[in-house]
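Look for subunit A in each of the two complexes below; its partner is subunit B in the first and subunit C in the second.
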Partner chain A sequence: MSHAIAIDALSYRAGQHFAIRDLNMRVPNGAIYGFLGPNGSGKTTTIRLLLGMLPPADGSITVLGHDVPSHAHQALARIGYVPERLHLYPMLTVSETMRYHAAFYAHWDVAEAERLRRAFELREEQRVGRLSKGEAGKLMMLLALAVRPELLVLDEPTDGLDPVVRRDVLTALLEYVSARGATVLISSHLVHEQERVCDWIGVLDGGRLVAEMPMHAFRSGIKRLRIVGAPVSSAPTPFGILARRPGAGREEEWVVRDWRDDMASWFRSTDAALREIVDLDLEETFVETLRAARDASGRAA
Partner chain B sequence: MFDHIDPRSPTPIYAQIAARVRIAVAAGDLNSGDPLPSVRALAGSLRVNPATVVQAYRELERDGVVEMRQGSGTFVGTLSSDARTQTREHEARRLVRELLEQAARLSICPGELRRAIDTELGASRS
Partner chain C sequence: MLAQTLYLQWKWNRDFLAFFTVVAFVAPLIILWIALTHVGVSSPRELVMVGGIIGVTAGVVAVLAGLTVAWHGYGIDERAGHTYALSLPMTRLRALGLRAGAAALLLALPAMGIWIGSMLAAAKANLPPTLESYAGSLALRGLLASWLAHACMFGLRYAAGRRAKAVLAALIILGGTLAFLSVAAPALHDPIVRLGRFLIDGPGPFGILAGRWTLIDV
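Presenting the complex of A and B:
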């Protein structure tokens, strides 16, 4: 089994319309997979589907080798899950919550849970309902890591937390992954946070996966070019042009994909001068990918 | 030593980490036998993918800068002063190459560049 998560031709209906349509997705074993998408693109729905919490209309889902939803309980025993919203009993204390959670998991690591509780500075007798947002976020990560999961599914685990807490939570996650080699699916719209951490990227838009590839391929293929004297109607190019925008003076800005450095020579065969090749960061790459996908589906429609 | 790792840089993070170690070794901040941080500690503190740290350490091992010892960690290898000089030369030339590439894109000619370097060197000396 080379994929921790394999989704084929998945569809899900919410009422009349498709929330997820013909979704194919592969999360390789050992990857830290950044699941990107704008609000409402279907990230949380996809996560609930792959945890067996929603019934698919069509398609197949395999998680850690188990068919979901039919064998979801076997998969869930090996998954640490941090949901989008806190789902804990507010009247329980931190230590009661930890004991309660431990009862459901055969692999619960008492020592690790205690070490994390101290590292996160959570007080044992504190009631969950009175935790700050940051403390609650830390407790959720603690509960997910202490089950010694082979797969961590994190739905916006750090969104809405302050930078100090985000740092603590991510550090704990990465230390765990270093020690255990677990697979991580991390959904977020905090794109720049994923930039350091993820080695795979999937981009969801309107319930479809519009890109899925290793991070370095995602980042390196798309560039912004500053060009002077660009041809009005462009001859066939060896790279794909996602966008052309006017710049300052005679300059034009092209956003291109499938770029390789040796393609700079193409400009010598034209009257245009390539002034600069700008690397896009993950956020810009994400935005350009979305824009291009939407243009393409607009043309198809 | 690992401050200013920039995930937005076109230079991959693993290459940035490896470069930091090379520079620290060349500058004499790290000596033969000194331990490097564990993969777990460095991935945690930089908040980067552990595979990225492993990739950096593997590259350094391949180049003879460090030794990865099973179970006990990663250590700076035995270095000659030649190796230090070489690394410094290598880094200096890499910086100049970057400068030349950027200058070429802005159509700055070599004469202009040389004058600018002399001016800046003079300014930093005084």
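Presenting the complex of A and C:
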């Protein structure tokens, strides 16, 4: 098995306006997969589908070799999950929550749970309902890590946390992953955070996966070019054009993907002059990818 | 798993359970005390009638306990969209079994309240030799009725989802309307009573609600 998560032709509809359509997604084993997308793009719904919490309308989902949702419980035994909002029982204390959670997992690591509780400075007798947002985030991460999962599914795990707590949570995550080689699917709209920790990227927009590739390819393959005398026609290019925008005078700005340095020579063959190649950071790359996907779907419609 | 589920449900429902257990315990004693000291009940026939009042009260308390524990207990997961329960590694059937098992054990508390309260009440009544007390049977019937009520309410909440409150309100209004019509419109009395008997007397679990609920009988 080469993929921790394999989703094929997945469809799901919720209400009149939201649908996941024909979603195909692969999360390689051992990857830290950043699942990017704007709010409302379907990240949480996709996560709930792959954990078996929602029944798909069509398509197939395989997680750690188990078909979901039919064998979701077998997959869940090997997954640590942190949802976007606190989902624990508010009247239980921290230690009661740990005991409750431990009862359902064969691989619960008592010593590691206690170590993390101390590291996160969570008081045993504190009620979950009275935890601050940061403490709640730490407790959810503790529960996810102490089950010694092969796959961690984290849905906006650091959203709304202050920088110190965010660093603590991410440090604990990265320590676990480096020690055990677990696969991580981390959903977020905090692009810079993803840039620091992820080695794969999937971009979801409007229920469709508009990009999925290794992080280095995503970052290095997309450039902004400043061109003078750009060819008018849609002549075939050795790279993909995500966007073309007019600039001052005869100048144009192109956003291209799959770019390599040797492709600059292509412009000389078209009598155009390539004036500048600009590296985009992940956030710009993300925004341009979304824009291009939306333009393409708008044209198709 | 069952121990942790039981502890969770206990912690979530303990106020209601304590309330219904205390009510189930004191109701027979209070009813008998009122009957003996204020009404002046003394004949065997009157004692049987008082036993019937105690029995029906015990049944109502048991049913209300089952309904409340189911309604409140379901809410613990509903408030978080069932995310935690669904993310735990077990089949839904197993989750349902754990929840039902925990509820069945917890609802034994009001039933024990009925049993002990009824035993003490029967002992204080100085029953004549022609009468018997049925504290154990009454408590067992109460336990079965509370399980049935729990199952019905749990099923309603599961099936109706977010519309559960509206469905419950509609059922209460329907029941109230039928009760009112059976009194206000004599022509409808018999059909409504027949409908009620059909629902309760027919074969099936609702039969536990039928028959005589009494603490004292011949």
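To be clear about the criterion, the second predicted complex is superposed on the first by the 266 of 301 C-alpha atoms of A that agree within 3 Å, B and C clash if a C-alpha of one lies under 4 Å from a C-alpha of the other, contacts with A are read in each partner's own complex, and residues count from 1 in each chain.
The working rule: contacts are C-beta pairs under 8 Å (C-beta built on N, C-alpha and C of every residue); 3 or more make two chains touch, one makes a residue touch a chain.
Worth saying up front: this structure is predicted, and the values here are computed from it rather than measured.
Colleague: Determine, under the contact definition given at the top, whether A:Phe104 touches first (subunit B), second (subunit C), both, or neither.
Modeller: The answer is second: A:Phe104 touches subunit C but not subunit B.
Colleague: Contacts for A:Arg275 in the overlay, against subunit B (first) and subunit C (second): which applies, first, second, both or neither?
Modeller: A:Arg275 contacts subunit B only, not subunit C.
Colleague: A:Gly52 in the overlay: touching subunit B, subunit C, both, or neither? Say first, second, both or neither.
Modeller: In the superposition, A:Gly52 touches subunit C alone.
Colleague: Tell me which partner A:Leu92 touches in the superposition: subunit B (first), subunit C (second), both or neither.
Modeller: Touch partner of A:Leu92: subunit C, not subunit B.
Colleague: Considering only the touch criterion stated at the top, classify A:Leu76 as touching first (subunit B), second (subunit C), both, or neither.
Modeller: Only subunit C is touched by A:Leu76; subunit B is not.
Colleague: Applying the touch criterion given at the start, work out whether A:Asp162 contacts subunit B, subunit C, both or neither, answering first, second, both or neither.
Modeller: neither
Colleague: Could you look at A:Arg196 and tell me whether it touches subunit B, subunit C, both or neither (first, second, both, neither)?
Modeller: first
Colleague: Which subunit A residues lie in the overlap of the subunit B contact set and the subunit C contact set?
Modeller: Touching subunit B in the first complex and subunit C in the second, no residue of subunit A appears in both lists.
Colleague: Can you name the residues of subunit C that touch subunit A in the complex?
Modeller: Residue list for subunit C touching subunit A: 1, 3-4, 7-8, 11-12, 76, 80-84, 86-91, 94.
Colleague: What residues of subunit A sit close enough to touch subunit C in their complex?
Modeller: Of all residues in subunit A, those touching subunit C are 51-53, 73-74, 76-77, 79, 81, 83, 85-89, 91-92, 96, 99-100, 103-105.
Colleague: Looking at the complex, which residues from subunit B come into contact with subunit A?
Modeller: 5, 7-10, 12-13, 38-41, 43-53, 105-106
Colleague: Contact residues on subunit A for subunit B in the complex?
Modeller: So the residues of subunit A in touch with subunit B come to 30, 32, 167, 170-172, 174-175, 177-179, 192, 195-199, 216, 220, 274-276, 279, 281-282.
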